[in-house]
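Dropping the structure in here first, questions after.
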Amino acid sequence: MQEGKISKRRRMYEALMKAAMWISVACTCALVAFLILYVLVKGLPHISWSFLSGKPSYLSGNIGILPDILNTVYIVLAALLVVLPLGVGAAIYLTEYAGNKQVVGVIEYAAETLSGIPSIIYGLVGMLFFCQFLNMKTSLLAGALTLVIMNLPTVMRTTQESLKTVPWSYREGAFGLGAGKWRMIRTVVLPGCVDGVITGCILSVGRILGESAALLFTAGFAHALHGIVNGLSSSGATLTVALYVYAKEQGEFEVAFAIAAILMVLTLVINLSAVWVGRVFEKRRRI
Amino acid sequence: MKNKKIFENVVHGVFLILGLITVGCVLLITVYLFAAGIPAIREIGLFPFLFGKTWESTSADPSYGILPFILTSIYGTAGAMILGVPIGFLTAVYLSKLAPKRVKAAVGAAVSLLAGIPSVVYGLVGMLVLVPGIRKLFHLADGASLLAAIIVLAVMVLPSIIKVSITALDAVPEEYEYASLALGATPIETYFKVSVPAAKSGIAAAVVLGIGRAIGEAMAVMMVSGNVANMPGLFESVRFLTTAVASEMSYSSGLQRQALFSIALVLFLFIMLINGVLNLLLKGKKEA
Amino acid sequence: MSDIVTVENMCLWYGEHQALKNITIKIPQKSITAFIGPSGCGKSTFLKSLNRMNDLIQGVKITGDVKYNGKNIYDPSVDVNELRREIGMVFQKPNPFPMSIYDNIAYGPRTHGIRNKAKLDEIVEQSLKDAAIWEEVKDRLKKNALGLSGGQQQRICIARALAVKPKVLLMDEPTSALDPISTSKIEELTVKLKEEYTIIIVTHNMQQAVRISDQTAFFLLGELVEYGNTETLFSTPKDQRTEDYITGRFG
């Protein structure tokens, strides 16, 4: 302690690194705040009941997004309906059945690969396979099935995570009572993975809401109003695709911002509910 | 008894099939991209396709050179990394090591939100804020440019970089940090000279993940980059590999359409390469 | 022989809980002082308060005087980084950084501003020799330190602490995670090091205290029960509690 204080050079380094970190954090926070405020301020004033409940008409010049809202709902429902059994089944296979390490490795590697593939490529392959090869044409169903492939790894992974937390003793207990494997899975494993499935659902809904590139060539961008059955077999834009079309192709920025504001609010809701679900189940598990 | 056994075997078989669906999907995508992408490359020739400098798919004498797209994608991604990595990395160090718990939770939530915002919203804001801003600032005829795309991409890769880096930094054992402090290093010196090197493979994985995101992004980039098949320049209107596919797909036919599939194949190969690197990094971390 | 560390009426609280009560102790330089006592008696806490590693824990409050070379180390004018450079520490679990052996040793000197390669080489070699591990690692200085055995890792950690040329070396149960052979090597090393350094060692192992230390301090429930010459303390303890402990009646 003869010198008393650390050298000037080190104090400079301290100050510099601290400043750099604070600037970075400030940048990140400012960015988030700006994006939220800008989109909401620009978009919320243009949202009205007639906007939400109407459909676009070139005759009257009105723009309504009801068809896009419905299309989004249809596509979310259809995609979840297919992806849940597939994803949960795959996760159950991996944790309960697969004995061979190599098989597990291959499946997990495949899932990782899927989650790294950009959505434009999903769109392209979806178009080639579902629209052309399976002759579904450009339709919500083709779009939904494309999204199924995209979200498969997510559902699989969240389910797997929650299955890992089901204690082995439960399984042994069920076997000990003479239950067959399937019965054990139905009564012990499936109830244990509810939180993973819900989290997977929430994440998938978020991803589907935000998706555009994969849907452009598979689900198309029509704004016609349909019921769910007709809707799935015909072309239609989800909210996100509609935003793109209104902004890029038609220059209707007010509409685009209104949709962006809706999407922003939905994103917020989805994030919060994911956190909330996580917390609720965390608590329940501890009890 | 026998029936029960058959039943169990059937159930096992069903789950096996479900498990193998992901593998099937990867194979499907790979096979389709190769099958659709190879013919045009054969017709055009691999070299003129990859290294041709002009893309004029709709002219009377079309040429299909995708070097401008490849370079734009590489430059755009590199630019986004140059902007995004330092900000993301420093934010991650602050949040992981210095931030009070509440700040960490709040900023963490904000970053998750950033990750959840649809890419078209980024594109929209970029179109209306960034593009006019760049036009005015640099006195250009049009602000839709590589620079605008780089900035949008930098923002979009931030969440991946921050989240994965935080996970890596949080996992650094406290003992390393104590040892450094006990030697008379300050906390900041400790974080940057011990914690960061100890988390380096995780941080590298974060960067590689960001690269994958940036190179695969289509819609946001399409809305701000001007979408002209120029060789890349910071203030030029440019077209990425992704946007090249997206912008012409709806009206293309014949060789032009096939060439678009070939572009997708090139993009796919890039992504597979990046995935491979990512896997190596993550695996290396597990072993260490 | 003068005292390098003197503590007077020192108390330490973790929030509401008082972990150390009125500790008064004088530690002579260039000797080995052992702290013994059952788990949770406060010996480790006390050791860590000597180079202010307790600062890292939230809610710690300290009263009384802790003086190093006559200066109160909790005085606001004291730079904690410089203090820790003078009073080094070796931890219970070997904790070399996940980098090369060379970089581990050079970390401290580099932190304190030594950039000259030749100088660093010299410090690294000298520190490794002082820690009696030079012969074992001189051919693989660029290899990752985590590739070494536990005992070797601990000697690397000692070398790393020596490289910043401290005056005092605090050792927090440095051999509890090691096998007997590694333990005896570290003990030999510690005895050799007292020619140059003041060593304070926390140990669970009473034979170890007897083998290597000059003074022993016995802690119980946050109190310093007895402190004195090791031989005297173990042969004729003054306090009944000390006798009970060293004869193995509890703890």
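Per-chain numbering from 1; labels A, B and C assigned in written order.
Here is the rule we use: contacts are C-beta pairs under 8 Å (C-beta built on N, C-alpha and C of every residue); 3 or more make two chains touch, one makes a residue touch a chain.
This is a predicted model, so every value here is computed, not measured.
Among the remaining chains, those touching subunit A and also subunit B are C. Summarising the inter-chain layout, the chain whose CA centre lies farthest from the centre of subunit B is C.
Per-pair tallies of C-beta contacts place A-B first. Subunit B has its Cα centroid 17 Å from the Cα centroid of subunit A. Distance between subunit A and subunit C, defined via averaged C-alpha coordinates, is recorded as 53 Å.
Subunit C has its Cα centroid 49 Å from the Cα centroid of subunit B. Taken residue by residue, subunit A touches two or more other chains at 6, 10, whereas all remaining positions touch fewer.
Subunit B has residues 186, 189 in contact with two or more other chains. Taken residue by residue, subunit C touches two or more other chains at 81-83, 111-112, whereas all remaining positions touch fewer.
Of all residues in subunit C, only 51, 53, 56, 81-85, 88-89, 91, 93, 95-99, 107-108, 111-112, 146, 157, 160-161, 164 touch subunit B in the complex they form. Those residues of subunit B that touch subunit C in the complex are listed here as 173, 175-176, 178-186, 189, 193-194, 197-198, 288. Those residues of subunit C whose C-beta lies close enough to touch subunit A in the complex are 68-69, 71, 77-79, 81-83, 86, 111-113. By the touch rule above, subunit A contacts subunit B in their complex via residues 6, 10, 13-14, 17-18, 20-25, 27-29, 31-33, 35-36, 38-39, 85-86, 89-90, 92-94, 96-98, 103, 106-107, 109-114, 116-125, 127-129, 149, 152-153, 156, 180-182, 206, 209-213, 216-217, 240, 243-244, 247-248, 253, 256-257, 260, 263-264, 267-268, 270-271, 275. Interface of subunit B with subunit A (complex): residues 4, 7-8, 11-12, 14-16, 18-23, 25-26, 28-29, 32-33, 36, 86-91, 93-95, 98-99, 107, 109-114, 116-121, 123-125, 127-129, 155, 158, 162, 186, 188-189, 192, 212, 215-219, 222-223, 242, 245-246, 249-250, 261, 264, 267-268, 271-272, 274-275, 278-279.
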